[in-house]
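To start, the structure under review is shown below, and the notes come after it.
Chain lettering (A, B, C, D, E, F, G and H) follows the sequence in which the chains are written, and residue indices restart at 1 in each chain.
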């Protein structure tokens, strides 16, 4: 399957071979394809070649106009585009220009998926949460993994305060190829899951909690010190976990 | 006294003995009673068996719809149900479905109490605050202890800046079976009370204060380092203190 | 059973009634019994009346001479005396003056136990550790609880990385009247135990670990944020946990 | 290839089938194989079944006697055994009992490798450091990965202050299947490597540095916030990185 | 070129020489020129003599009335005046009194520039950002440097996640005389740029990011620990970086 | 001069002597005067005897109703009453009941001053700020000191960035009896003033600043570490500084 | 009473008046008296004029040679000289050159007191500690206050865990003119003392404690947040407290 | 003046031009000159081209053997070589191989200076310290700047507690081209100096101090928040300040 971006490169090469482009023109065309300078943003178009998925737009801290323009530019070369930490207002503005854009309110993500990537049903990424309040982060992880071409299984609200809830799902955990554990408060779920399986466990601390939780610090430190050996991403970083899980899941 | 949940289990067992249920059906029925998977939440129904009170709903971070649905599901099996950190809007939505739900605005709690648990008048839990601003946390503790079947005495605004206020209440403190001390700022009240009594003292730091208080950090550290040996819960965690006090108070 | 200290008070009262002491003399005698000013230390002799066990000597930061002198003075009025965080050198000096003093090197405690307090075999305090490295703190807790008149059961090295180790001991945990959970690193064991039992759980974070453990901070925050509702004492404070567990265990 | 532990289980099963063991005896035998209670330690013998490598001994905080005893017990059932954070004195004591134990002073590891696991030469784990001072942590990671059956390539001292050093090794990085990046100070190397490759990157912050480094905090925070999306383990946790990399590298 | 303030001093001196002012009057006049006491503010009018640019108004925490009054007073003696961290409401009020005031919404700056300072085209200050969200801070730096008489080149969104974006601009970086690097998250861009050039690099951490970013702490610590040796200013302090860059750029 | 509260005590004593009150009644009356239990607040009426000024109402965290009621109760016994951290809404409600209450919006204080205390003109308390943004805290200190009977001199916006501003006021500083220095950002003004005078200097860090200021932490740490030896109060605690300065200023 | 330093200035003035010195020579002589540049140290000789006591030598971080030389130079102009945080080795070296130097090992102070300052017996500075381990800091405060001309009363080991110990000393506290409270752990003693007296209370947090004490952080935060309004100095800064108390105690 | 390294490059180019080297050989030779892989270290030989001085060896965390080998390798291509944070033992080993190496014990630096760089006497770098204890860091800065070809003036122990000491040196400060301010404790000296001059000020916080100094944190935060706008380097990083000052001082 060929992406838009790959097709564009191919066209340049063919034109060059057919002498429609000089060497100088061809180099300039490829360079323009790779790094697109918008003034306020420098799009790294070659990332999809290097990393298998185009640059993802982190929308927080950008103006609505910037988000719309970046999305449009990315769509000129790519079929599937993702925006994270997007507000409803950003989505409305994108939607006006890109009618097939969809929005997940809980995960705060804008998605355009014109050529869905194939999913390998034998390699499931399990997304597990300790509580209901962790679900927004979990959905960010799950949707990211899905759009990047992975089958995802959700196992929500199985925190360690009621261990029987987790033990009831051990079979599902053991069948997964990669596991993302999402927990706030003390983050103990990551340690317990890490001890039950022999697959890579990615832990996402969330800012769920209060007081000595310090906006996710307690879960973060807990996971970093886990005696079960899990790998950790930033607090509330569902996207990062989904993306790394996808990279691991695509190793052959 | 038999809870709803215990009755349901009994019924299944009787049906099984009476050959109305096969073994497989009976096991499935008990399992369904114990862990109820709502997708976004996995209710641990067996907790009331294990810990004497059904799962309490921590409402913060949940949607209004989720809170209502969880409350309804819990009430199918339990007589008394508690929701903490609930907003007025959550309560309004619950009230529409559960007319006998009540709300304490200061403590931010939704309570349904259909079969009040008996209270032992000889075993009082004293709830003590350093200042007036600590009362919301104190009420969360007091109401939690009460609904879990404990007699509660409130002693408010007796911080150490005016020691005579506290000394005037020493007799009350000494008569209590368990004492919850709630204080912000430097949290010194816990140390002083801990030195005056021979009963278990649970200390709750609050985020009351400003500046180098760091949202309750100063009271938390003070209480953890108390030379009087008190046990500490999370900042502003009135519920936790009330629940632990109840467990201690029910030891025989 | 009457302690030395109680006998001394009784004698004064009897002498007063028998007109061997004037009122002024009697008051002075009682006062001298209660607060003993050594210049560098003010011994609170009445604590055993108020809290059931004489003042315990926190030896860290005291000179060897101070430790010896305080121990001797306490032994003039009490049968059982405890010194915590004591070095071997402190013990050697105490031993020279108090031949029946014993020392536990791992727990760093000096103990004189001339009239062992009775233990109620039906009310066991379980002392549970996540790892082997947590044992010094656990022994401080266990020995403290024992000398204060409690039966203690040790359950060591059952951290959550190998959950089967813990599950194998659930029955022991459920039989205990009070449970002390001692863990470093992420401290997840406290949350898991808290979810399995309906008894008071006291959590002791330890400084075991490295890196983002920050000398016990990770375990401390984890335990404070535990979704299972446990009560927490200071990092490495085995003594405090043992003492509070004892107070709870003696409630009737 | 069958491990000692698997053979032991098989023997029990065969004895049971041959009626040499009763059902009760067989169950007890398997249980004893799985969890070995040494009093101060509870060995989780079944971990090699669950996670592909026996429990690794974290030696810090254990006495020399404990380390020796645990190593001996593990070797009764396993061929390859690993001890981390071990002192030279611990090694000397182990060596006296286990003559084929070897020690890597820089990585502080004791290793017994009686049946080396096969390594897949096409799936290399690259271990990359920013500086020379990061090498002890890197060696812990590299030796862990190697003993767990992985081919390892070391790329040391290629930090971003001299970017040409790193760019000269890009091909090596791109050929690797999993990459471990080890850096202290600001930890920027992880971000740069993460941006260059499409393989999983595990980042290990080290405590190398001084001042506002805060014992590795600066590198830890830098890596957690990396815009390149890397997964992070605890400060100086070379072992954890090596183990997780191994798990990922063995996915099929 | 003579500033208003210098002219005012000259006038006093001339009046004094011409015997229009007594010595006492002249001293008082100069003193009044130098320190202007507004009650709520003490303007340091001599700063332009000492440091080449009049006192800059830090508007945050001041009332609108105070901002307007200070701006007016400064304009009585100076041609170019700058207000930082100004709200739109502050600008509206200033504009009503000072019609030629302009406002940059992104940089939150009010500027009056009546006698633009000359810029040396051979000494460019490069302002470089890691991402689009860092631009508000970058604009504060760029506008500050420009109004203080420096030619500025903007290079935005070239963070290390896509190193090719940065490498494409190395020539621009090497031509600059002073470089300001502005980055949030892990701040790695400062280290990479610092390793590529031999010119002074000023690093500005921004609060862009979330979670373990801790409002810019991660970028701050990263930059302070940079192995490339950069000098750092406060989080989000674009103004400070612009001003120091200007001082360095004017050294002869 | 006799306060209302002193008169009330006298009346009770006279009534008792005149046999209008029994001993029991007199004790109860005094007790009621001293500690007034409002349920949500326990007013320490005897504080004016012990500390020279009635209890001051810290309004933050109290409801409007509570503030009004406490103010009314205090005014029954005292002539001068102070409320700090009060909102305009609180003041409106107090004003409705206590028409002579006045409000200082900048200092957020409600004051009733019916019998102004005498001020000693020879013992001035100087209140010094580094910047204009520190004035709200300074006014809290100045108004507190004034109502407690002290002459106050304000010296505002003389921070160390323009040392000439401060040096111009050295005489004023040296004439003061007690000096309060209020500064945010790095808080250096306290050190400089402390080095210039031989009078007690009270330092108040403010939360003015941004970034690595961490809500006043930088100024707080700076002042605590001052090589000039100043005494420090909590961040933004103008009231505390004013009160302590008053106590020092009244020493004879 | 005239100090050495005052005599030296007088001599210069007299020589100048007597025309033994030119104006230039006189100015140079005074300047040399005031600031003595030793290369590694710039002695501020005029401090005794400005602040009533010569510069005190903070010995930590200085070499032994530097300490000796500074002490000798100070003694050329002053009668009483103080060195803090001095090691025994530093003292030995000083003693060799200054035979009347004395050393207090607990307080780590070197003192030369050739002309003791008068003490006013009616103005006592009370130095109060919570525990025995706080005594070294207390002695630093007490000895500093004494050598600066103040009568000192020591009240040691009266922490709040045994409140009766403190209440027994209330009369002593109330008679003092200034009170220094020294406490580690949670520092609650400062709050309690502050509530009992109407005199200035200076609080010194100590690093006594462990775990969540964080080297004195808990006591520091507790004291800064004290609801009793005390003024705080740096952790373990007995010297600072003694010096400030002396300044306050000398106000007339 | 031509460095060794430049000569080596030239030779390769000449050999290539003279056909003594093939193209492939020439490229390999240059590459080998630029990046020298020692296994444990990758020397960036081209840094002297890029940044005007060869790579400086940060000795902390390296073994003695590594330090010696790196120094020797660098000296093969460079005339002047610097090692920082070196122990006396490291120096002894280097000295054995490099007899002209010298060591500064206070600054902990090993220096080989075979071809001293010229210093411009009109462009002085002033190195200023607040106290005597800051001198080791100051010497690291001063020696670094000197060996990199700058004239240095030392101004030591002029902290703000005795402002007259600093004011006496204002002329020296104003004459300097770049100023390095080194201070521990509260770091206020940087702010004061920054307000007095119009030249670039580099601030170096030191770990001098105790208690709430937190190993230099207080000075670091103070300098970052300086209202005078200074640029800051890491705690105790004298080397970094000297190097950046040198870069600034060489701008033309």
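Methods note: a contact is a pair of C-beta atoms (placed from the backbone, for glycine too) under 8 Å apart; a residue touches a chain by one contact, two chains touch by 3 or more.
Computed from a predicted model, the values in this text were never measured in an experiment.
Asks: Interface overlap for chain E and chain F, more than half of numbers shared or less than half: same or different?
Replies: different
Asks: Centroid of chain G to centroid of chain H, CA atoms only: how many Å?
Replies: Taking the average C-alpha coordinate of chain G and of chain H, the gap between them is 38 Å.
Asks: Based only on mean CA positions, could you tell me how far chain B sits from chain C in angstrom?
Replies: 28
Asks: From the C-alpha centre of chain E to that of chain G, how far is it in Å?
Replies: 43
Asks: How big is the gap, in whole Å, between where the Cα atoms of chain A centre and where those of chain F centre?
Replies: Computed value for the inter-centroid distance: 54 Å.
Asks: So which bits of chain E are touching at least two other chains?
Replies: Chain E, residues with two or more chain partners: 131, 161-162, 196, 211-213, 217, 220, 224-225, 234-235.
Asks: Going by the touch definition at the top, which pairs of chains touch each other?
Replies: Going through each pair of chains, those in contact are A-B, A-C, A-D, A-E, B-C, B-F, B-G, C-D, C-G, D-E, D-H, E-F, E-H, F-G, F-H, G-H.
Asks: Show me the residue ranges of chain D that touch chain H in the complex, using the header's touch definition.
Replies: Of all residues in chain D, those touching chain H are 131-133, 135, 156-158, 161-162, 164-165, 168, 208, 210-213.
Asks: Touching residues of chain D toward chain E in the complex: what are they?
Replies: 130-131, 159-163, 185-188, 191-192, 194-196, 209, 211-214, 217-219, 221-228
Asks: Please name which positions on chain E make contact with chain H in the complex.
Replies: It is residues 50-52, 177-178, 196-200, 202, 220, 224-225, 229-235, 240, 243-244, 247-248, 251 of chain E that touch chain H.
Asks: Quick one: in the complex, what on chain H touches chain D?
Replies: Result: residues 31, 34-35, 38-42, 44, 46-47, 55, 58, 60-62, 66, 70, 85, 205, 207, 215-217, 220, 234-237 of chain H touch chain D.
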